[in-house]
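To start, the structure itself, in structure tokens.
By written order: A, B, C and D. Residues from 1 in each chain.
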Amino acid sequence: MPSNTPKEISFTSEVRVRFAEVDPLGIVWHGNYIQYFEDGREAFGRHHGISYLDQKDSNFSTPIVESKCEHKLPLTYGDVATVKTTYVDCEAAKMIFTYEILNPQGQVVCKGRTVQVFVALGGELSLVIPDFFIAWKKKVGLLDG
Amino acid sequence: MPSNTPKEISFTSEVRVRFAEVDPLGIVWHGNYIQYFEDGREAFGRHHGISYLDQKDSNFSTPIVESKCEHKLPLTYGDVATVKTTYVDCEAAKMIFTYEILNPQGQVVCKGRTVQVFVALGGELSLVIPDFFIAWKKKVGLLDG
Amino acid sequence: MPSNTPKEISFTSEVRVRFAEVDPLGIVWHGNYIQYFEDGREAFGRHHGISYLDQKDSNFSTPIVESKCEHKLPLTYGDVATVKTTYVDCEAAKMIFTYEILNPQGQVVCKGRTVQVFVALGGELSLVIPDFFIAWKKKVGLLDG
Amino acid sequence: MPSNTPKEISFTSEVRVRFAEVDPLGIVWHGNYIQYFEDGREAFGRHHGISYLDQKDSNFSTPIVESKCEHKLPLTYGDVATVKTTYVDCEAAKMIFTYEILNPQGQVVCKGRTVQVFVALGGELSLVIPDFFIAWKKKVGLLDG
């Protein structure tokens, strides 16, 4: 029985705002959210076995080709934010993640999305989903084994 | 005689890739492009009289509420990239900039877009275009004086 | 009964190396250790009640006036390092911390030292130890109450 | 006729303070001076033919093993600082640089020093001065040719 909703897997992690990440206006400089997304994506990856180092072991890297960030509220020094990272499955040779960052009060401060492609060790873009990622999809239940 | 094309003003600046901006894969880490956009926007602002410090003198700040980045090609250490920053006029109380970053060979490595809003000194979001920004639009020819 | 050994208090925390902190040589860029020192100092501060925010509540900031860093071994991506932060008591109006950063194998990769001074809210350097810091020294047993 | 003063070569460059380099106190975060030192050292290196890329062409890297920084005055957003980088010759297999950073008023805001060693491509520390660096010393007049 087919489903039209995209299959998703999430993981929630925390990031503590660093003093040097806060700008003269007293709020986290917007560019640092890209780092928070990466922190969330790598926490997801370590938990689900698909981190940068797992990819490297499979002789692939997955450079970001698109990123997007919407800022709703500021974070400030002292905040420990929650990063909810969601892998959004697709049929293309891509990895898509969405992010929701919440402040200590549970309000969404930022939403984002990144798209990654697969590049083999030699530098060649993979036009098909690499075997290691097919295997990962099966392992986590996104594909029938 | 009305025009449907948005009015735009551009400025071109340069950014030299720093060693610490390059990641273990030997390319500029994607999050650093947000900094390059800001470098371009501030170079535009200094040239056209609408930089962060000009805004501050008018008792406003203009936090980023949206940013978007598309990566086409990598930059690496030793590259001096060109940043073309374009102010895209709109009727809302917003500042929209687009960015094109070119490598030393003149190829587009990255395209981006940011949206900023106007916040008064006390922290209140301005729902109308502040006077200083109306004055700036007139000065640079985006509005009839 | 006088003691010639300086009185010290330590705290141990962890820092996970971020991908963007690693340079093209595959090792943590040396400048990032200053951030790791701050991470350690703030973890110490939160534990012992003398963090940046505690100082701010007392209307003081404590800018760094000296920092020193000796690198023994590299850290790389995937490493979770241990930061041992030690407050070294002195009689001057200063805060001195030393740092030892250890890799996952327990080897010292980096040693450091920072010196901070006390600046009152208005911007004036304090030539004497501020009351809040005297109170803190008593609280943690560095001064007789 | 021998000289007791160390032989030195200097180069002066500029660095523009970035918004994201300024902390909530409105001054450049102290850790960013390590980046300014590197900016100065690389500007020196490009001018005198001994930059990171020149070293790499000779199959060597020169990791920092010591760095030191003394802060005298703050820098703030809008400042274009001057970095005076001085190579201080020594007989060991080391590269020693000192730094003086001046604010737009010409006051010294920061002084620093870094020590680098020579590591061959394979990762081995060189206990003697590599040939390419001997050649460089001759070229710039620090050694008789």
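What we mean here is this: contacts are C-beta pairs under 8 Å (C-beta built on N, C-alpha and C of every residue); 3 or more make two chains touch, one makes a residue touch a chain.
All figures in this text were calculated on a predicted structure; none of them were measured in a lab.
Trainee: For the homomeric pair chain B and chain D, should the interface be classed as same or different, according to whether the shared residue numbers exceed half of all numbers used?
Mentor: Because over half of the interface numbers appear in both copies, chain D and chain B meet with the same residues.
Trainee: Compared with chain A, which chain's mean CA position is the farthest off?
Mentor: D
Trainee: Per the centroid of Cα atoms for each chain, what is the distance between chain B and chain D, given in Å?
Mentor: Distance between chain centres: 32 Å.
Trainee: Roughly how many whole angstrom separate the Cα centroids of chain A and chain B?
Mentor: 25
Trainee: What positions in chain D touch 2 or more of the other chains?
Mentor: Touching at least two other chains: 19-20, 31, 35, 38, 77.
Trainee: Mind pulling up the chain A residues that touch chain C in the complex?
Mentor: Within the complex, chain A contacts chain C at residues 18-20, 35, 38-39, 42, 52-53, 77-78.
Trainee: For chain A, which residues are in contact with chain B within the complex?
Mentor: Where chain A meets chain B, its residues are 25, 27, 30-31, 34-35, 38, 61, 63-71, 74.
Trainee: Sort out for me which residues of chain D touch chain A in the complex.
Mentor: The touching residues are 19-20, 22-24, 26, 29, 31-32, 77.
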